[in-house]
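You will see two complexes here that share subunit A, one where it goes with subunit B and one where it goes with subunit C.
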Partner chain A sequence: MKVECTKENLKKGLFVVSRVVGSGNPLQVLNNILLKTDQGRIKLSSTNLEIGVNTWVGGKIEEDGALTVPAKLINEYINNLPTEKVTLESTENSTLKLESENYHTSIKGLSHEDFPLIPQVSDEPFAKIDAQELKNAFAETIWASAANETQPEISGIFMGFDQDQIRIAATDRYRLAERIAHLLEPARGTKEVILPARTVSEAYKILNISSGEVEIYFSESQVLFKFDETELISRLIDGSYPDYRQIIPKEFKTESTVEREEFIHALKAAALFAPDSNNVNVEIKPDGITVTASSMAAGENTTKVNAKVKGDDNSAIFNFRYLLDCLNNLSEKTIVLKMINDASPAAIVPTGRDNYTYIVMPIKL
Partner chain B sequence: MTNQQLWQAILGNLELSLSKANFTTWFKSTSIIEKSDIGIVVGVPNAFTKEWLQNKYHQDILKALKAIAAEIKEVKYQIVSPMYVSPQTTKEVSRIAPAAKKAENTTLNPKYSFNTFIVGSNNQLAHAASLAVSKKPGTVYNPLFIYGGVGLGKTHLMQAVGAEMLKRDPNAKILYVTSEKFTNEFVSAVQTGKTEHFKNIYRSVDILLVDDIQFLAGREGTQEEFFHTFNALHQNNKQVVMTSDRLPKEIPAIEERLVSRFEWGMIADIQAPDLETRLAILKTKVKEKNYTVELEILTYIAETIQSNIRELEGALNRLMVYCQLNNTRPTIEQVKSILVNVITPPKKRGVSAKKIIEVVSDFYNVTPEDLLKQSRKKEYVNPRQIAMYIIRKELETSLPSIGEFFGGRDHTTVIHAIDKIERIIKERVALKQEIELIRDRIYLN
Partner chain C sequence: MKVECTKENLKKGLFVVSRVVGSGNPLQVLNNILLKTDQGRIKLSSTNLEIGVNTWVGGKIEEDGALTVPAKLINEYINNLPTEKVTLESTENSTLKLESENYHTSIKGLSHEDFPLIPQVSDEPFAKIDAQELKNAFAETIWASAANETQPEISGIFMGFDQDQIRIAATDRYRLAERIAHLLEPARGTKEVILPARTVSEAYKILNISSGEVEIYFSESQVLFKFDETELISRLIDGSYPDYRQIIPKEFKTESTVEREEFIHALKAAALFAPDSNNVNVEIKPDGITVTASSMAAGENTTKVNAKVKGDDNSAIFNFRYLLDCLNNLSEKTIVLKMINDASPAAIVPTGRDNYTYIVMPIKL
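Moving on, here comes the complex of A and B:
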């Protein structure tokens, strides 16, 4: 193999593939990424046997071939390279020679023969979605999944395809985020799947540097996301997602519209006085929202935030992190906080769109 | 040949020709899931493994198969319910899980629950910690280490944690073992080469309850295994609860790294119950068993039996059996005569200075000769003084003869020893507890 390509292209490609690679895997080749010439471009692949990533970068192919090299090493080397172009050439003994102006390097690699085959999905795409839309939908939901894997189902992200919509949901049993994303055309059927959180966060990172449309494929317990230059394939989580829709209340007693930034400031101020419990009291009166917190050790704080309030007076105790998680990931200027009482789920929705709902349980003392 | 045996035979064959890393990466969590006369279906954990076996190892698998079962010509691959972290035999565990779960959870004795546990000032902390742990297993105090003398309710509390968890989540995998059982199972797993299975059982539980952890002392292999089990569980935020008759650092011959882990979460002690608590315990027992006993009698029992709840229950049972046999209601006089053996037990019978020295030296991991000889090493002096103290208190032997016994020491030496121990007991609860434990042991046999 002999190819020449710009450092920027190579760097971008390496960024995409190198994160899924583990280190210290007993099977050496799994710590490597595969470089391969593929129809006039360079294909980079990596896998941890759970997620596989392929990405293609442009370059001048002088000689076809393939080789694997340690992901961490080549990634750090290329990141550090101040030059603009680099020539990659595989030599005997599976060594990769990198030539770039004054930089002469040989990296010891392994034969491409031993590199895992990343499963192929040849079907028609199941659904197509705008990259920006999918990115926003992920941004607003994925942090709500359970970090703990005792219940594999809720450690993942739910995606329910129906007509031209995907319901994307994540919950850890104390809070729930649901976003409805629009597909570019109706999906080829209805389908409900659970994706590992890791897969979704990788997809999200790739979406950050992608544009255009994303194609989603399914085959035998696998999902494939096809971005413009990149493919991400992952297993799905087996099992059925809890029927979360039944916990979303239909009606609320109090609805208060508040400026998002102001509410965040108030919560952050209160947070300093709830260092151990994370509990802050949120009280809604006709003239606004009052956030209070107190601790024996630190002291206490009360902040009032102006809000437009409809309905009864109300108050409840929340974990401030659960509120901030949601508020920080929205971009609207104002949001609506909806409450029933101090023991029923409360909701946060952004003003101006109805495709997002965040449900959070109050804390019972 | 069962499917499993067949697959094991094939794996054994393949293992020879592959590197270890290759073998474990590609063949872990595989099995034969279907077998007909001419073909087998191999279950694989993910699509990567499927592709790889299909494209790279298919010929090798066929060849191995031919050597063992020539009639089978066809091998297919199928992805079966991929488990999240896939340790070697996840599938096996998941298949046996329902049965095993039942067995594990029945290790809990249903009579031990928080409802039947009587809280007094002596066990408040341990009770509160256990309750907190049962509410939020794995997050608040992990590990929870409960220590205290015999018959004070350590096992009760520990099992109550398990029972409470089970109430909240009937699917929780709870495993209660004595450290004796842990050791035996580990040893037999090593002997039969089933360590993997052993590990899977212990590392897949949601809460591990280990009773009498002090018996791990001196068993190095088991300690190491326990160390790894502990780490695996702790890392995954699974609760570990242990009991012992003394503080972690006072357990002799146990590795430092284990001690530091035991001390990591929360250490709660259980002391001997005070009079009110003892009375409350008796009242509950009476109610539980539907006996009719006057308060006066209960008070008498509670006043006279002071240290051990098991004895307390024993005395009550003895009394009740006597009354049922003779069809009388107990009077205070009867109680005194019935319980005379229990209350002023023939303790002194069979207990000699020699026996006390043996128990003390065993407790502190020295030899009886060490106590008798003329060495002033610190590790001998302290046990020697404790032994003198106990002999004096229990046997009321005269000071000069105690001195005589300990290699002809002067009686003033003995006085000094007893004074010193008495002083330290007042300052350090731990020592008091140690001495209680030694006493218990002396009279145990």
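Moving on, here comes the complex of A and C:
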């Protein structure tokens, strides 16, 4: 292999593929990225055996070939390089020679034959979605999944395809975030899958630097996201996702519309006085919401938040982190807090948007 | 005590005093800051028994008094507060009531009588220096002192006052940074002291938000820096600082003038190929500097850096971290690297400035 490439192109490609690679894997090739010429471009690939990423960057191909090199080392080397261009050439002993102006470097690599095959997925896209829409949908849900869960289903993110929608959901049993994302055209069927949280979070990071359209492909046990110049392939989680829709209440007794930032400030103030329990009390009366917390050691806080209230007086105790997770990940100026009583699920929805619901259980003392 | 204060003033004052306070000290009062009315202003104080900080902020004093409250809690509370003003009032049981618009809060504190006395230092300034000059001098030296040193003298920073200069020096035996700082007027005598590195680093952080003049006071075992609205008091380190001047070579065999950024890039590239040893080879020939490093595992790198060279060819092995520490903390476009041979101290000086010298020992393999 011999290719010439701009530093910027190479840097961008390395940035995309390097995220899933570790640096301390005892199987050295899993710390490496694969560089390979591919139809006039340079293909970079990485995998951690659960997730694989391929990306393509432009360059001048002088000789076809392939080689793997340590991801961390080539990343740091290219990032530090002050030159505009670099020539990459594989030499004997699986070494990569990098030449650019005054910089002469050899990086020890491993043969491309040692690199795990990243599986191919079906060649027909199952669904197409706008990159921004998918990014927003992930941003509003992924943090709600269960960390370190013994029940693997809810450690992942649910995606249910039906006509021109995906229902994207995440829960840890105590709270649930659901976002309906709109597809660019009807999906090729109905399908329910569970994606590892890590996969969605890697896809989210790629979406941050993508635009245009994303194609989603499936095989029996795998998903492929195809972005601009990048593919992300991941296994799916086996099992069936809990039927969470049944716990979303149909009706509430109290609805209060409140400025999101104001509510956040009040919760953060209360949070300082709930250092051990995380419990804050949220009380709704006709003139607004009152947030309170107190602790023997720290003291106490009461904050009044203006709100437009419809329905009954109400109050319940919440884990402030569960409320803040949702409020911090929305962008609307106002949200609606919906309650039934101190033992039934409450809901947060953004004002003026009906594609997002957040459900949170009160704390029973 | 009852005072009204703007959030911005209080936030700034808390920021300054909170640095030296811990939050996990078993002696609770050492996690607290002291709030005290003082001649029409609010005085905030903190101490870790080695360093004490006092700062004053404006406010409306309605009732004189004093109280201590947990630094972390009041800091986080005030930082989160969206209001412009806040009223602070001490109530029975050493509690601080904070009132501002919709926010009603009580923070449990401790009596001001439990707060350690921050000692008074002499009332005559020993020296006066421009804040910017002192900040720059600290920035170019403090990182060179010995961390976790069994010999306490060199864990600190040396300050030698003589006429209108301070010699500020730090060393860990393998390298030495010396900066001559200019006083605004001759000092009230000659004096040599050693300051704890933590003290200098706290002073540096206060200097970052200070301007104008800094006064330096001494008592037998203590130093006081007086900034705009802030005082920092610290113990001094006992003992006498090594006579480091004798190791600074008077003459060198080779002097090469090189662009600082270019040299940094070359060292960082080499550093990637010296992962275990930190050793890079620096070779000087008439046409420039060549930096090389290699490792069995990673590969090898050679970078040529353009330089104006006077004197003999030369080469030596250095710990790249010791070179980068110095180069990263200078701001000049070019520096001069001076060498004798591969076993004698080398020097780095910034071009066009004679108040700074960095000495570094080569590695003998």
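Side notes on the structure shown:
Throughout what follows, the second predicted complex is superposed on the first by the 364 of 365 C-alpha atoms of A that agree within 3 Å, B and C clash if a C-alpha of one lies under 4 Å from a C-alpha of the other, contacts with A are read in each partner's own complex, and residues count from 1 in each chain.
The definition used in the following text is that a contact is a pair of C-beta atoms (placed from the backbone, for glycine too) under 8 Å apart; a residue touches a chain by one contact, two chains touch by 3 or more.
Being a predicted model, the structure only gives us computed values, none of them experimental.
Clash-free side-by-side placement of subunit B and subunit C is the outcome of superposition onto subunit A.
Within the superposed three-chain model, A:Ala170 lies out of touch with both subunit B and subunit C [touch as defined at top]. Of the two partner chains, subunit C is the only one touched by A:Leu272; subunit B is not.
In the superposition on chain A, A:Arg235 contacts subunit B only, with no contact to subunit C.
With both structures placed on the common chain, the touch criterion links A:Thr47 to subunit B but leaves subunit C unconnected. With chain A as the common frame, subunit A serves as the apex of an angle whose CA-centre rays point to subunit B and subunit C; its value is 80 degrees, to a multiple of 10. A count of residues in subunit A touched by subunit B and by subunit C gives the higher number to C. In the superposition on chain A, contact is made by A:Pro119 with subunit B only, not with subunit C. Think of it this way: put the two complexes on top of each other by chain A, and the tightest Cα contact between subunit B and subunit C is 18 Å. Comparing which residues of subunit A touch subunit B with which touch subunit C, the overlap is empty. Those residues of subunit C that touch subunit A in the shared complex are 70, 73, 76-77, 80-82, 95-96, 102-108, 261-262, 265-266, 268-269, 272-273, 297-306. Subunit B contributes residues 20-22, 24-25, 46-52, 55-56, 79, 81-82, 84-85, 206, 236-237 to its touches with subunit A in the complex. By the touch rule above, subunit A contacts subunit B in their complex via residues 25-28, 30, 47, 49-50, 52, 116-119, 148-150, 152, 155, 220-222, 233, 235, 237-238.
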